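As written, the chains take the letters A, B and C, and residue 1 is the first residue of each chain.
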């Protein structure tokens, strides 16, 4: 099997997606396009989240925090100064907040940049020592971001959040950046950096014994995840047009965790498959929260039942189908067939 | 002299694992570190590789003090190791396992990797070629794309040594390389180590229980017992030394 | 005023300590951050509430119900969700723990509603004692005293009984425990039971002091208690208590002197966690588990 064939598979996949976006944009209704936008943004988040959790094997719960940062940075840069004037109802904003303004691309890049910087800061306490402190520190970090968003109304407008964000996100933006994110992550995975990350996952001591700087491998993975989560947060803000601290609670991260676990931890293809299934299934599962009829009896509406089902799915996968759908395989492995048998 | 361990002591809490031990390994020597279980051999390895810091004393490699350096930096200075229970990267192919050894020798940056810059492509080609050379040397290139954990025990041991050699070491530490091998595999391993010493200009420091293996392979041995040196010299003399024999008596049944 | 703050700090710190002990013991035997532990504390609070408000049990009977119920739940979570993953990669165990945590929060949310409910505090605990100008609620006084008693029992179990020694041995080496002729899984079950029972006591104290229960109350408290366990030195029971007291005191004292920081009080524990990881990752009384790695 040659490298060329891999490239053909990937290239035809990319063109397929671009063609699909073109068709979707002209023929599909608004509801479907909205779901496709969500799928594109969650693809960005899932493939980058998978890099730290699946490829590097470091359990992290960071997405909601970094997505929130990206969303707030983009929102602050996109909302026009006039719109900001009347939005800040709790306290007057700092003057510099009013003067912030940038175009969409700059806003997205800055969103990613800020998230990356924070990720770098968090890397030092958690990656210098062993143990699973990354999970708890990132979990706490999500709460801290929320606390700041609520307690710092001079910048964030507190619990009211920011509104009237121009709706720049469309399928070309979200789909295009999703393609870039997938290619970037795959290029990292198929390089010495990706090999080092996998080595850390498989056996950290052995990786060190091969001269791998494991701190660097983990930090690169974490910061790359953070960058795309920041960008994804920006896209989300420009899709939803209004954001508030409650949007970025832990459920956000939990959804992504289910996506990558369902798809198969460590597989980028799996992260994409998982996104489509969970985002689609999540829409479908909304019926769980509504009143239901069983044999003529009507159960009352149970808001949150969907979350219970989600958590049971996660536990079930971990106990009985730990490899998820793809295991650690990628798209190209599916085309390999069974030509060569081991030994 | 390539490695000099000078008066090293290591305490864990109240327990002394190694007590005031000194020895020197000459260039291209095959040096055996032997002794009963719990004698401190693996602790000594972990001190040389930087996993533990000695409580006192120093480790000198090529005339530079290396104790206190981070383990991955010691590897980059030319000390590689294998593990007692083979520790290959289980999800990765044989080739990728060996390529990890080239990790710090591939010269391209993170952004060159993301953008598939020409230097990335050139460097990847270069290290892949060298990885195949090493695999060829061990007769393992046919298995390059197989998962390392699917191989037989003896083959895995070879891959582990190939992986260690990929880091381009001058000193190779082998932690019980013959453990779990049948006599013919052990003999083959001995020949490989001797041959690799010549072809890769290696110095070898090994821990081993199999005295026969040590006797035919090592130029020199150091016998540790409860953290103390009880013998240093030729392996053939070691098995006649009364102190060595009495230290081993309680332990022979482990072998 | 100062004495009163001291007592408040001691009381809050004791609650964190009770929960932190469970984190530190489970981490000791399984190297697992049991994310569901904070939620076990929530369940303890709910069971207490259920016993008093719905079953109309006497307060102490409700406390017993909470302790037994939580201990059983903790042991069940290990048996069902964690034990099948003993030989799986560590990340699977951690993901499952997050799943259990999210399940408990949302199951209680669905079945009991997300609105915080007032906890009917028994009148004895609402009494206010006066010592020469000091006004101290009985509940604030009783928490540290009971915590000290429970701690004494735990330490006695850990250091004086066969099972306690096995628990401590398990923290370092599974083989030693098997040599002692004790089933490691049984020890782990006991650890989950003990930790969960203590969390339930912490949960009861919590709902008495801040008299309401809600399904999400275990999240932040759990996070802070884990931070406390790391600050004190993960794996060490004494350290968990010390860390809990440090974080409890800090919260109370800082807010007493800088009321404007009130909105950020939930962030203090997190800052402590970051600082301790940067400067002394093994914690104040910590054990360096990494020594047994090779």
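Keep in mind that, in the parts below, contacts are C-beta pairs under 8 Å (C-beta built on N, C-alpha and C of every residue); 3 or more make two chains touch, one makes a residue touch a chain.
Which chain is which protein? Per UniProt: A, C = Branched-chain amino acid ABC transporter permease.
These figures come from a predicted structure and were not determined experimentally.
Engineer: Which chain is most central here if centres come from C-alpha coordinates alone?
Structural biologist: Central chain: A.
Engineer: Let me spell it out: compute each chain's centre from its C-alpha atoms, then which one is farthest from chain A's centre?
Structural biologist: B
Engineer: Roughly how many whole angstrom separate the Cα centroids of chain A and chain B?
Structural biologist: Each chain reduced to its C-alpha mean, chain A and chain B end up 42 Å apart.
Engineer: Could you give the separation in Å between the centres of chain A and chain C, each centre being the mean of its C-alpha atoms?
Structural biologist: The separation of the two C-alpha centroids amounts to 32 Å.
Engineer: For chain B and chain C, what's the span in angstrom between their mean Cα positions?
Structural biologist: 45
Engineer: Two-or-more-chain contact residues of chain C, please, as numbers and ranges.
Structural biologist: Answer for chain C, listing residues that touch two or more other chains: 293-294.
Engineer: Return the residues of chain B touching two or more other chains; collapse runs of consecutive numbers into ranges.
Structural biologist: 51
Engineer: Going by the touch rule set out above, which residues of chain A reach two or more other chains?
Structural biologist: 205
Engineer: For a test of understanding, state which residues of chain C touch chain A in their complex under the given definition.
Structural biologist: Touching chain A from chain C are residues 31, 33, 35, 81, 84-85, 88-92, 94-96, 98-100, 102-103, 106-107, 109-110, 114, 219-220, 223, 226-227, 230, 234, 263-264, 266-267, 269-270, 273-274, 277-278, 281, 289-290, 293-294.
Engineer: Considering the complex alone, what residue numbers of chain A touch chain C?
Structural biologist: By the definition above, chain A touches chain C via 53, 57, 59, 61, 124-126, 128-133, 135-137, 139-141, 143-144, 147, 150-151, 205, 250, 254, 257, 261, 265, 302-305, 307-308, 310-312, 314-315, 318-319, 322.
Engineer: Mind pulling up the chain A residues that touch chain B in the complex?
Structural biologist: Touching chain B from chain A are residues 184, 187-188, 191-193, 195-196, 198-199, 201-203, 205-214, 220, 266, 328, 340, 342-343.
Engineer: Could you pull out which chain B residues touch chain A in their complex?
Structural biologist: Listed in rising order, the residues of chain B that touch chain A are 49, 51, 71-72, 75-76, 80-81, 83, 87-92, 96, 99-104, 106, 108, 110, 113-116, 120, 124, 127, 143, 145-147, 150-152, 163-164, 166-167.
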